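In what comes next, chain A is part of two complexes: it sits with chain B in the first one and with chain C in the second one.
Right, the complex of A and B next:
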C-alpha cells in the first residue's frame, strides 16, 4: 500500500468514533442544561411594590452606607402633574423647585417642565436614599408611578438581607436572578 | 463580722445587677420604640384631622353591599339609585331595598339615567343603552381605540367623557356624535382637560348646561351645550376650601338646589359648594373613611340626602344635614 493512500474506515472504527461523538455531544448538552438551570434557579431579593408600605427601613437598615434600594419611575403610569404628591410637600407654599417645597429629603427628584400643564419627574439615583417618602406621596394622591426596587448593580447580594428581615410590609421576596425586577406599567407586563 | 460583710456584698451585687438590668431593659425598649418610628414618614395626619366644626352633616344610614366591588353610582330621580359592582347591576328603591338588575356586558365604569329613565352604562370603550325594564336598546361602539370612558350624563342629549382622549362627546339619544367639548382652544379660552388618572366625572344641570371636573387643574368647569366655557372655579390646597393632591376632585353630584357636592381621594373629603365655587359645608372628613379609599362616587337624593359610594367598606353611605347619630 502506498503511504499517501487513505485507508478505508472499518465498520468497528466508524461505530467507535460515532459513539464517542454522541457521548461528547451528550455531555455538552447536559452541562449546558445544568448551567442554565443553575442560573435560572439562582434567586435575588426584590421588593413587591404592591406590598411595600414605605416604612423607611430600606433607607435605614441596608448594610451599605447609602441603600441599594432606589426609587424608580414608571413613566407610562405617571400623570405628569404640575402638583405632584411625590415631589412637593403637602403644605408646599409654591409649586416650584425650591428646596423647602420639595418632599424628598435628599433632593433626588428632578422636575422638568414639558408643556402646559405637564411636568416630568426623574430620579437622580446617586442622591436617592430609598426612604420611600415620595412613593407614599405619589400613591396617596396620584397614580402610584413611583416605587422602590433593589438595584442589583449596587446590592451586595449577601442573601442575608437586613432590610428583608425588618421590612414592615413583608414586601421583600426572592425572584429569579434572570428576572430580578418587579416592574410597574408597560415594562412590568 | 464576716457574715455581716458577706450580707453587705450580696446586697451591693444585687443592687448593681438590678441597675445594670434596668438600664439594659430601658435601652432595649427605647431602641425598639425607635425602630418602630419612621424618620422619613410622610405624615398626612395633621391634614386628616380637619376641623370637624365645619361638618354640619352626619351619617344617618348605609346600604350594605358586602362582598361586592362597587364601581359606579347614579340617582334615578323618584325611584332611588342604580349601583354598579363590576358587571353586576343593582337597583335601590326609595326605602333602600336592593334588587339585582340586569347583568352588564363588562365592568361598568360610569352610568346615567335620562329623564325617560333610559339607562346608559359606560364600559371602557362602549356604551350600553337599556330601557327602564332592562331590555337592551342599543350599544354605542364608535369610540376610538384609546378611549377610556369615565363619565356619562344624560338629559335631552347624552354626554360621554373620554379620559383617554381628554374630551367630552355630546351625542343624541341614537348615539350620533354632535360635538366635542373641552378640547384646548386658546381662542375660546378653554384650557383643556388634564386627566392624570381615570376620573373624569360630568353632570347635566337643570338648565341643560354641562358641568365637568378637570382634576389635573383642580377645577370644576361649566359648559354650554355648544361647548362654550361659561365658568370655572377651584384651586389646589390641602385646606378644606381647596382640592388636595394632584388630581382632585374625583367625583361630583348636583343637588336639586343647584349646589355641587364633590369627593376627593388622598384626603378623603366630601364637600358642598355653591355653583360659583363658594364652600358651603363639609359633609364628611378623612377620619370618616378608611385611609386610601378611592372611588367615592356620589349621588344627591331628595330632601338634601347625599349618597356616597364607599368601595372600601362596600356600602352606599347616606349623609344628611343637621342630624347627628
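Right, the complex of A and C next:
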C-alpha cells in the first residue's frame, strides 16, 4: 500500500516518526560520545605478574581446551641456578631431568647446561598448560623470572574472559592492544 | 608571618629528603629480596634469548568484521523487503553461522555489546573498542528503519536455532506474553551487572558460544545442548524468551519505517499464513465491533493507570530488597564477605581469593569500605532496575487491555524476526511471481 500524497499524516505515524528520530539520534549520540574516547584504544586481556597469586585457575578456567595462558621466562631476571625452584620439585631426589624430579606436570620446561654452574630454562609452549606451578616455585625460592602471560596468538579475546572472572588475585586486566604484554625484566621497561 | 611560612616550608623539605633516603634504602632491600640470585656473568658466548611476544589478530580483521556486519545487514534487508525470498535469507543465515559463529567464534556480538556500552557509560576509564560501538549501534539503526532484519539472518545465535527447528509447537499466547517478560528481566540484570562493573552476565550465560568455540565449561555446554534440543520444537527459544538485545530491537522495530509484510500487496484474508509463523508473530484480524462496551474499557484503563505507579514502586522496592544478594555478583563484595566471615570467626575455611588477598598485604578495612560502597551502588541500581521492570510490565498489561481494530493478517513488528517463512504461504506472492 503506497501512502497517498493527499492523505494527512495520522497521529500515530507522527508519533512513530518522532520517536524513531529521537531513538536514532540517541543511539548516534551515545556512539559518538563513546567513540570519541575509544578510537585507537583497542584493548586485550593480560595478566599483571605482580598481582598473580598462582592459584592454578588459568589452566582450568580458560574456554580453550588448552589455556591461552602460558608461562614465559624473563631470561635477564633468571639466576640460571642449578637448583631451580621452578624446575625441580622441592623433594626431588636428584637435580636431573628425570620426570619424577620435575615440578612441571606436563614436562614443558627444558633444562640445558650452559657453563659451570649455570643452566638455562626454556618453556616449551606447546606443552605448557599455564598451571603456574613453576611460577610459584620460582617466586618462592628464586628470582621470579618465570611468570604467566596471556599469549595473544592463542587467546580468543572473549568479551567476558572466563579466567578473569575467576582470577583469585584480580590480576587480569584489559591492556592497550599496542602493548599487549606486561613483561618482566628489561623488556618490560 | 613570613618567617613562620619559611620555617614550615623547610620542614617538609627535610621530611622529603629523609623519606627519599629511606625509600632508596628500602628499594635496594626489596630488590635484593626479589633478586635472590644475581645475574650470572657468562664466560662462554652464550646469548640470552628474549621473551617472545606473539601478536594477536590484526586490526585489519576488525575492520573486516564491521564491513561484513554492514554488508550482511544490507543483504538481509534487501532479501526480506525487496526480494521477499526465504531461500536467500536462509543462505545468508548459513554465512552468518560460518563467519560470526564458527570463524569469529561468537565474540564480539551485538547481544554482548550492550554490556560494553553500559560499562563504558558508567566507567570513564574503560575505552570501548570501535568494533563494539559499531556492533551495538548499526543493527539498532537498521531496525529503526527496516525492522528486525538483523535477527532474520545476521545474528549467529538466531542462526543456530533456525537450523535445528524441526517441528515448531505453538506457544500459547498468554504463556508467550508471560515468558516475554524474561528477556526484560535479563536485560535489566545484565545492565546492572555491567554498570557496577561486576560481570558480563550475557556473555557468561551465552548458550551457543561454547558450540562456536567447540570448547567450554561443562555447564555451558549442557546449557547449549538444552537450548538446541528445545529449539527443535519451540522456534527460537533464546531469541524470544531470553535475548536482551532482542528486547531493544523489538522496541526499535515498533518504530520502524518499513515493515516486513506477509502479502506483497493486498491481503485476501485466505488464512493460509495463519500457521506459517513458528514464532507466533502473526497477528490475526480483529473485528471492528468491540467485544465489550466502551464504558467497561474506560473503567479498566482508569483502574490500570491508577495501579501503575503503585506496581512500579512496588517492583522497585522489592528488587531493591534483594540488593545484598545481587551485589554478590561483584568480586569485591564476595571477597569482603569472606574476609569478614574469617575475621569474625564464623568460618574457618579460607578460599583461594581470601588467601590471595592476605598474601597481597592489602588492608581489609579499605576492602570492606570499598565493598560497602559497591553495595550501595547496587541498592540504587536495583531500585532503578525494579522501576524499569515495573514500567515494562505495566506497559505490557496496558497494551493487552487495549484492543486495536485490524483488518488483515499482519506481522507483529515487535516479535517478527523477518525470517520470511510466511512469504511463501501467501497466494499473492505466487501470483506476482507468475505474472513476472
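Just so it is clear, the second predicted complex is superposed on the first by the 150 of 189 C-alpha atoms of A that agree within 3 Å, B and C clash if a C-alpha of one lies under 4 Å from a C-alpha of the other, contacts with A are read in each partner's own complex, and residues count from 1 in each chain.
One rule holds in what follows: contacts are C-beta pairs under 8 Å (C-beta built on N, C-alpha and C of every residue); 3 or more make two chains touch, one makes a residue touch a chain.
Just so it is clear, the structure is predicted and the values come from calculations on it, not from any experiment.
Chemist: In the overlaid three-chain picture, which partner chain does A:180 touch, first (chain B) or second (chain C), both, or neither?
Modeler: A:180 sits against chain C, while chain B stays out of touch.
Chemist: In the superposed arrangement, which partner chain does A:140 touch: chain B (first), chain C (second), both, or neither?
Modeler: first
Chemist: For A:55 in the superposed arrangement: first (chain B), second (chain C), both or neither?
Modeler: both
Chemist: Of chain B and chain C, which one touches more residues of chain A?
Modeler: C
Chemist: Contacts for A:80 in the overlay, against chain B (first) and chain C (second): which applies, first, second, both or neither?
Modeler: both
Chemist: Given the touch rule stated above, what does A:91 touch, chain B (first), chain C (second), both, or neither?
Modeler: Touch status of A:91: first partner only.
Chemist: Residues on chain A in contact with chain B in one complex and with chain C in the other?
Modeler: 55, 57, 79-81, 118, 141-143
Chemist: Considering the complex alone, what residue numbers of chain A touch chain B?
Modeler: Chain A residues touching chain B: 54-57, 59-60, 79-85, 90-91, 95, 103, 105, 117-118, 131-133, 136-137, 140-143, 166.
Chemist: Sort out for me which residues of chain C touch chain A in the complex.
Modeler: Those in contact with chain A are residues 34-40, 42-44, 46, 48-57, 59, 62, 105, 107-108, 112-113, 115-117, 120-121, 126-131, 133, 136-137, 140-141, 144-145, 199-200, 203-204, 210, 213, 215-217, 252, 254-257, 265-266, 331, 351-353, 355-356, 359-360.
Chemist: Within the complex, which stretch of chain A touches chain C?
Modeler: For this pair, the touching residues of chain A are 1, 16-17, 19-20, 23-24, 27-28, 30-31, 34-35, 37-39, 41-44, 51, 53, 55, 57, 61, 63-65, 72-81, 114-115, 118, 120, 122, 141-144, 151-153, 155-160, 162, 165, 168-170, 174, 177, 180-181, 183, 185, 187.
Chemist: How about chain B: which of its residues touch chain A in the complex?
Modeler: So the residues of chain B in touch with chain A come to 35, 38-42, 44, 47, 194, 196-197, 216-218, 236, 238, 244-248, 265-266, 292.
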